[in-house]
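Labels run A, B and C following the written order; every chain starts at residue 1.
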Amino acid sequence: MRNNRKSYIITGICLAIVLVLGFLLVKNIGLPEGRPLTTLSPRGNKSQAIQNLIIPVFAIAGVVFILVEIGLVFVATRFRRRPDEVDGKNEPVQLHGNTKLELGWTIAPALLLAVLAVFNVNTILQMDDATDPLEVTVIGQQWWWEYRYDLDNDGAPDIITATEAAIPVGRDVRFKIQSNDVIHSFWIPALSGKMDAVPGRTHQVVLQANEVGMFQGQCTEYCGLSHGKMRMQVKALTPEDYQVWLTAMTTSPAQPDPKNELAVQGQILFVAQCSYCHQIDGITPVSKAPYTYNTVSDPDYGKTVAITMASGNAPNLTHMMMRQHFVGGLLNLYQGDDSIPQAIPDGVPDTNNIKRWLRNPEEVKPMDPNNNQGMPNYNLSEAQIEQLTAFLITLK
Amino acid sequence: MSDTATLSPPEVAIPADGAQLASSTTPELLPTMPRRRELIFGTVFVTAGIAMGLLTLIGSYIATRDAAGNAWLVDNQIALTQPNMQMLTMVMSVVTMQWAVWSICRDDRYHTYLALGVTLLLGIAFVNQSTFLFKEAGISITQPEGPLFYAVTLSHLAMVIAGLIFIVLMAFRTFGGQYSSRQPDGISAAAVFWYAGVALYSVIWFAVYIQK
Amino acid sequence: MTIIEEQRPLELTTGLDPVAPEAPNPLGVFARPQANTGWRSWVNTVDHKKIGIMYGVASFFFLLVGGVEALLIRLQLSVPGSQLLSADLYNQVFTMHGVTMVFMVIMPMASAFANYLIPLQIGARDVSFPRMNALSLWVWLAGAIFFNSSWLLGGGANGGWFNYAPNAGVTFSPGTGIDFYAIGLLIMGIGSTVSAVNLTVTVLNMRAPGMTLMKMPVFTWMNFVVQVLLVFALPVITVALLLLTFDRMFGAAFFDASKGGDPFLWEHLFWIFGHPEVYIMVLPAFGMVSEIIPVFSRKPIFGYPFMVGSGIAIGFMGWGVWAHHMFASGMGQLSVLAFSLSTLFIAVPTGVKILNWMATMYGGRLKFTVPMLFSVGLVGMFTIGGLSGVTHAFAPADTQQTDTYYIVAHFHYVLFGGALLGMMGGLYFWWPKMFGHFLGERTGKWHFWLMLVGFNLTFGPMHILGLQGMMRRTYTYTSIQGFSTWNLVSTIGAFVIALSLLVFIGN
């Protein structure tokens, strides 16, 4: 027809624009720099398997997308009504359908999808495979995560920590996921997909880190007020470093140096005010010498008194300073770069962050202590905050 | 064929004009052809909705029971005699209900009344049996099984009672001479609703009592 | 087909009758013994057209309400660490936004068209049970007002639109918002169920002689499928909401794990309803587009039987895919496998529709009026949302995507780019029929292009954000997470949409 040329040119230009834009976007979005949560830079074997499945799917979807949109633009420009056409005279062919063609575009996508389905099934089935996995129990509660390591498989946890888990590189890890209150979802994008933590059930995520790193995570099932700030980290250490970490974590922390008066004051204050919810092995009332975790039985561990909190649990602070982050990775415990994992952190403690938290926890993370959700603000005096901080930074 | 369908159905619509125009002057009286089966269709879909609701409850019951494992209803003894009798009652009521439909279609009013009466009797017996069962099983609302158990059984009971009311209403209308072989819809509609109630009871009978 | 149309003043199903849209309709609005003018005529009416218009007006009002809520969301997220809304308020706003848009905008807007057009399209005097129809409207409206009154009475619902247990229980959500949610939706659900029964019966029972099922316009067909879906889907959510209400008000423990209940139950019940619900929202728009495209292509719809068949197929298949919203819920590998496969293949019937619309346009003589623009826009935009839907269907991949903005992008492309664009087209298309004059073409075009650009600016970047790991339902983010740029773009886009809607209101 007359305007053939023009419509082809328009279609061509549109195509070029789409392709260029598409390329620019795709080129950039996957890069991990400055994007700690990106799903497109796998660092573990399971996340890699997912990537291998989805990239071809994205590509095919992209092709279908481009074909459909080009088709649409083409049809829309090519068959535009021209001003000189008159109703009743220049009418198009009154075509009612074409069964063969329609069957074709029913069957073709179905076949395409059937082929993709095979890879899909294959990936689904391999998601839970694990050989000799390290098992870590993960417990979600409003709005932080607890990790429990049962190293000797006696049913009682040997390490209890919060927010930051450590795993060895190159070994399968099976996270057994539970919840103490509402539904949460455990997600470390660089290592694997999500898994919901549902009260009364135990789910599992298997993953293996391919390289050393501090991997950021985020709770992704809406769990109330502070869902948006319920973050966590998994630090992947070399097997040697991991052993160092294990040893440190299973040794009882030293009592504060008696000469460090602030810290001693802080300890007294802590036992008086905070041990109602927080456990520090060997210091808070319920623990008895020798202060090893092995003596305490799950699941009552950590509940010192009849705790009123809806989740019945607050972070165990025994080895708090072994971590690089606290309150869900919202704040750093050490000054400087927090993205390089260390078995035993050796930086300068960032006391300002600890003080900030103690001064007004709800300013850092919205909580509802009146409804027994989260940590209350005790309106501590600055002197008390100094003492508590001095004590807390000894917990290594 | 598709052209007329998608763009303009007038050539098929026009014949309706006469009737429709006439109707605009005498609105309520339009017992002619097109209105005839509305009650029955309406009942069918309402019944479908109610059935979906009940099936949802039964599904919830089964899901929760499976999740609870062996602990389910261990403290309660539900002898099967009662549910079996209830099932039997329901099956018999299907026969009598069908009898009513059959009779009205043959303008046999006497038998219609009789059949409806017997159905009502059976329905009331069913309600009675249910209360007896509740007493005997002694499931408390505070135990974990309680709320769902009663949600399922009481909702169904409510449906049965609604069915009974439906039947009573239709029986009165039949007294009033509304239904005959020419227009048996009311009775049929009540029957549809009633059968659904029976069918749902059979599901409950199996899923709640037999499987336990 | 449309050529013949000029010779047929009785034209019923297209809005192409500019000359005398208000001319006495031979199949007529039936005059009831009631006021015909003034506000009383609206309150008392049982006329399906008036009821339809009232649904339309109310749903447009709620579009503004939900839209303002959306603007608040976007303002809050425009920059990292914004303090505009507190976490609690934000949670209320996105919940109310989602529920309002779904139950008070898209569904009633579809009802508006269905009520107005179905009786006309099948040659019926009115719906089967006109009084019940009025009842549905008022019950629904009461529910909607009740639900929104929570803003004034202690705060909106804050459980998310799918309101998972046990977070929705009183222990964790002691406020009254969720009670308003549960009871409000119950009331609206009753209204919609009654209306669905009514329209189903109308289609089955009230067709004019000769109007066989396979002659019904595609719009009526799609709505018929929708009403049947509603009859079966709404009871499920009704029961779930009742159980929730009992949990919250009377201390029952249907969903409370600590007392022997099962929190999974709610997830399943919600999505058994929820997935059919998404097709309930989009099929009416598909029906409208199937009416509009042929008219302005001056060709009959391509493959009517396939169009109808694929609609029915979507209706059936829609029941077998609900757990694709639960791929990361831990329901077990076997369930994941089954639902992943079933979800993949639901792309097939929808694809048929897309390609058939394009085939209808192919070789036609396209006139890009405003309704046509919106329809073509739907075809283009829905495809994007559909394709991202297919990428979710790959369950392992979905465990990376779920609950991120990638999902938010998906469902806005299908809901806004599908349902809402289609209905906007329908509004322009049938406006002359409803109100006796055309909407301005020029302003209409402004409306369309602004909306299209704004829409893509708002929701396009969300794909990227989601894949970069931005989770949904977060009231804030930090600058080190790398989400700032695209969030700002998205906020700007939202205001372009707002502008386009102002243009529409001006029109």
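Before moving on, here are some points about what is shown:
In this section, a residue touches a chain if its C-beta (ideal position, glycine included) is under 8 Å from a C-beta of that chain, and two chains touch if they have at least 3 such contacts.
No experiment lies behind these values; they were computed from the predicted model shown.
Highest inter-chain contact count (C-beta pairs) belongs to A-C. A simple rule picks the central chain: find each chain's mean C-alpha point, then take the one closest to the mean of all protein C-alpha atoms, which gives C.
Subunit C has its Cα centroid 32 Å from the Cα centroid of subunit B. Put simply, the C-alpha centre of subunit A and that of subunit B have 50 angstrom between them.
For subunit B, the set of residues that touch two or more other chains comprises 1-3. In subunit C, the residues touching two or more other chains are 1, 262, 264, 300, 303-305. Residue positions 94, 96-97 of subunit A each touch two or more of the other chains.
Listing the residues of subunit C that touch subunit B in their complex gives 1-2, 4-5, 8, 10-14, 26-28, 30-32, 121-125, 128-129, 193, 196-198, 200-201, 204-206, 208-211, 214-218, 231-236, 238-240, 243, 246, 252-254, 259-262, 264-265, 268-269, 272, 290-291, 294-295, 300-301, 303-305. Those residues of subunit A lying in contact with subunit C across their complex are 25, 29-30, 34-40, 47, 49-50, 53-54, 57-58, 61, 64-65, 68-69, 71-72, 75-76, 79-81, 85, 87-88, 90-99, 101-102, 105-106, 109-110, 113, 116-117, 120-121, 123-125, 127-128, 142, 177, 181-183, 185, 189, 192-196, 198-201, 203-204, 218-229, 310, 366, 371, 373. On the side of subunit C, the complex with subunit A involves touching residues 1, 3, 6, 86-88, 90-91, 158-160, 164, 166-167, 171-174, 257-258, 262-264, 297-300, 302-306, 328-330, 333, 336-337, 340-341, 344-345, 347-349, 351-352, 354-356, 358-359, 361-368, 376, 379-380, 383-384, 387-388, 390-391, 394-404, 464, 467-471, 473-477, 480-482. Across the complex, subunit C is touched by residues 1-17, 20-21, 23-24, 27, 34-35, 37-38, 41-42, 45-46, 48-53, 56-57, 60, 63-64, 67-68, 144-145, 147-148, 151 of subunit B.
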